[in-house]
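Which chain is which? They are A, B, C and D, in the order written, and residues in each are numbered from 1.
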Amino acid sequence: MSDRPADSTSPLLRRWEQRTEVPLFGVSLLFLLGYAFWVLAPDDAEPWRDIALILVGTTWLVFAADYAVRLRLSGLGHRFVRVHWLDTMVLLLPLLRPLRLIRVYTAVQQRREQPRLSLYARVISYAGASALLLGFSAALAVYHQEHKVPDSTIHTFGDAVWWACETLTTVGYGDAVPVTPSGRVVAAGLMVCGLALLGAVTGSFSSWLLQVFRREDEKRPPEGR
Amino acid sequence: MSDRPADSTSPLLRRWEQRTEVPLFGVSLLFLLGYAFWVLAPDDAEPWRDIALILVGTTWLVFAADYAVRLRLSGLGHRFVRVHWLDTMVLLLPLLRPLRLIRVYTAVQQRREQPRLSLYARVISYAGASALLLGFSAALAVYHQEHKVPDSTIHTFGDAVWWACETLTTVGYGDAVPVTPSGRVVAAGLMVCGLALLGAVTGSFSSWLLQVFRREDEKRPPEGR
Amino acid sequence: MSDRPADSTSPLLRRWEQRTEVPLFGVSLLFLLGYAFWVLAPDDAEPWRDIALILVGTTWLVFAADYAVRLRLSGLGHRFVRVHWLDTMVLLLPLLRPLRLIRVYTAVQQRREQPRLSLYARVISYAGASALLLGFSAALAVYHQEHKVPDSTIHTFGDAVWWACETLTTVGYGDAVPVTPSGRVVAAGLMVCGLALLGAVTGSFSSWLLQVFRREDEKRPPEGR
Amino acid sequence: MSDRPADSTSPLLRRWEQRTEVPLFGVSLLFLLGYAFWVLAPDDAEPWRDIALILVGTTWLVFAADYAVRLRLSGLGHRFVRVHWLDTMVLLLPLLRPLRLIRVYTAVQQRREQPRLSLYARVISYAGASALLLGFSAALAVYHQEHKVPDSTIHTFGDAVWWACETLTTVGYGDAVPVTPSGRVVAAGLMVCGLALLGAVTGSFSSWLLQVFRREDEKRPPEGR
């Protein structure tokens, strides 16, 4: 939440981050893919599930190595764990990596010199994409926890995606609800993150709509002639 | 979300859009009417249901023709499909046409030189009307998908409208919930669009209320005498 | 939604409104009281229920007389019905009268020259009080419609109040839900009004909190010495 | 909601409040701890439950003494009860004390001269921490009321925490719902406070996100070279 990292970090760390951001995002998509395959594949797809698990482990090791390099480059020692608490949390719960999407976006934009989207469109697309990826990750995790529990209401992955939809939008019909403690912890995390991200989407959409209507006012006199 | 169409489009395309906007809105109301009749009429009202289906098909062809003309006039070639992605989506899912309501409103306003509503009132009426039309379309589509499914909770069109109400406002009691995959896809679309549109309504209402109270402050000294 | 009434109405109408606002609010509380007694009293409290019904009828006649006087004073003729559509709606559905609370507040404030609450506090108290009164009216109306229906989930007035709470805040557990068409119409009205009013409450609270924290920043240097 | 206490209160009262704020917050944590132990301990942990109850009583007496001292120092007499209505309410319902967290934060910050968090981060952390503490208190109170009621859906403290989560975020699945009148009163309080506090969190997060994206725009030209 602080912008200090961009100001006070060593130039070495900054260059490392700028260069690794996009490859690491690719690695985190691989992680999600491996995890998704491991969770969704039928139990008897044995050789493939093992490969998916190895993929998950390898990509996590890449994250750990990146974390270690950044800890060294920062020159902060043990304080790095606390100052960069979001990074520490993301290392322990790699399914939260979508929240780092904002850095990837910035890194990509700095390379190609294209005209960029308007402010509100960028906030909407960033928050929307993060919410989408978080919702997908949460649906995977909840399906993983719940689909074999006897009195569960989430039997298929479709149910889990439907549950993620109604949770992110805070509709909450209650036809698909996690019943295991671990499933509920994932759900609580999704509620809080989703509420903030979707709040940003609707807030920006509302501001954008007001701006469109206001601009139309200003344009009007010359057009009305 | 970008305002480029208004700036960089060819004058021909712009004139075409200004002239066809209102008739096309009439056509899209016809489309909705035909679809509503086809969905809601009893199965044995055979000659009429066929007529409704023909109406739906014809109006869709009008939309397709309009899309083709605009694709040609724009001079963008294949890129038109991507640049005007909202129009492409609206062509494929004509029930989303209410989202174009904003253009109709502008077109109508440019003709009659009446004093217009205040900024917030316009945003509220635009977003409210879009939410209403989207909710009605979604209720029709969900009723169409669900009303014959055995374990459905949406049996009558009244149930579907009630479901649309509690979904748009994110109340989500859960007494009427789609159970088929296609019904759930419609519901997810309604949740996201509805959240954004109703967020705009409540945000504008809140801003408007603050403005009223603030103005009352300023007016006060002369009135208090 | 327009502020025209304050500007273009005849002085006679304005004076009439300023003088009758507070007495009429008292009458509308009487109306609510009578309606509440009529709905909540046991069936065998016969003489009292009739008196309550007479009270409801009499107060409604007062509203009708006020509407007729204002229609004449305005000099608008039939257009009054359309221009003052909120007043027309309130006449037909007197349970919506709490929405006029804003005028009462202004009228009271103009008489006593006390220092008033801050802007946000006024918006919060107006929107909060309106939401409270609307919620109470809706709970009465829904209880009236539902409490004798066989498969209803709202059996006592406490259930109806609980239902109004979870509907206004859009929590929507679904343990108490109207099942009759008329009950659902009341519920839909409460959802829309409640969403807008509570959105104003939370939006103003959020702005107020930001203001408090910002002001604290500015005060800090002199205090820190 | 008014900022008058900071301006018009006597210097004695102000110094008393600045000095006692942090110790009293410690006492209120002790209160919460004692209440939590008393509610959550098994019935046969008899000597300890009595000690917890004594702790609750003693800490409440400390609050009462503080209230009495402040009533005297203020020089307001009986009007203190009405002017400081939030304090009066907090005295009667000590589980609402988390709402006073904002004063503790200010008091702590005035002592250590550290650089503070940005405006939005402070609002988010204050509102988030208040929501967390309120949610925990409400979960305790609801568990206390509901866990022995026959047709309750809240059997364990985990259920109560899960219920608090879905209520604060207004998701409201309806799988865990209070059924007793007292449990519902607690729930209604949590809904209203939670709605306002979480609305402040999401509103500030949204503003913060917009600020980050806007700042990035301004920084861009020098970085792009």
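Assume a contact is a pair of C-beta atoms (placed from the backbone, for glycine too) under 8 Å apart; a residue touches a chain by one contact, two chains touch by 3 or more.
Every value quoted in this text rests on a predicted model; they were computed, and no experiment measured them.
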| item | value |
| --- | --- |
| Same-residue or different-residue interface between chain A and chain D, half as cut-off | different |
| Farthest chain (mean CA position) relative to chain D | B |
| Inter-centroid spacing, chain B versus chain A (mean Cα positions, whole Å) | 30 |
| Sequence positions of chain D contacting 2 or more other chains | 120, 166, 170-174, 203, 207 |
| Pairwise touch network: line, ring, star, complete, or other | complete |
| Residue numbers on chain D that touch chain A, as the complex places them | 117-118, 120-121, 124, 158, 162, 165-166, 169-175, 198, 201-203, 205-210, 212-217, 223-224 |
| Chain A-facing residues of chain C, complex | 170-174 |
| Parts of chain C lying in touch with chain B, wherever the complex brings them together | 1-3, 102, 106, 110, 113, 119-120, 122-123, 126-127, 166-167, 170-174, 177, 179, 181, 184, 187-188, 191-192, 195-196, 199-200, 203-204, 207 |
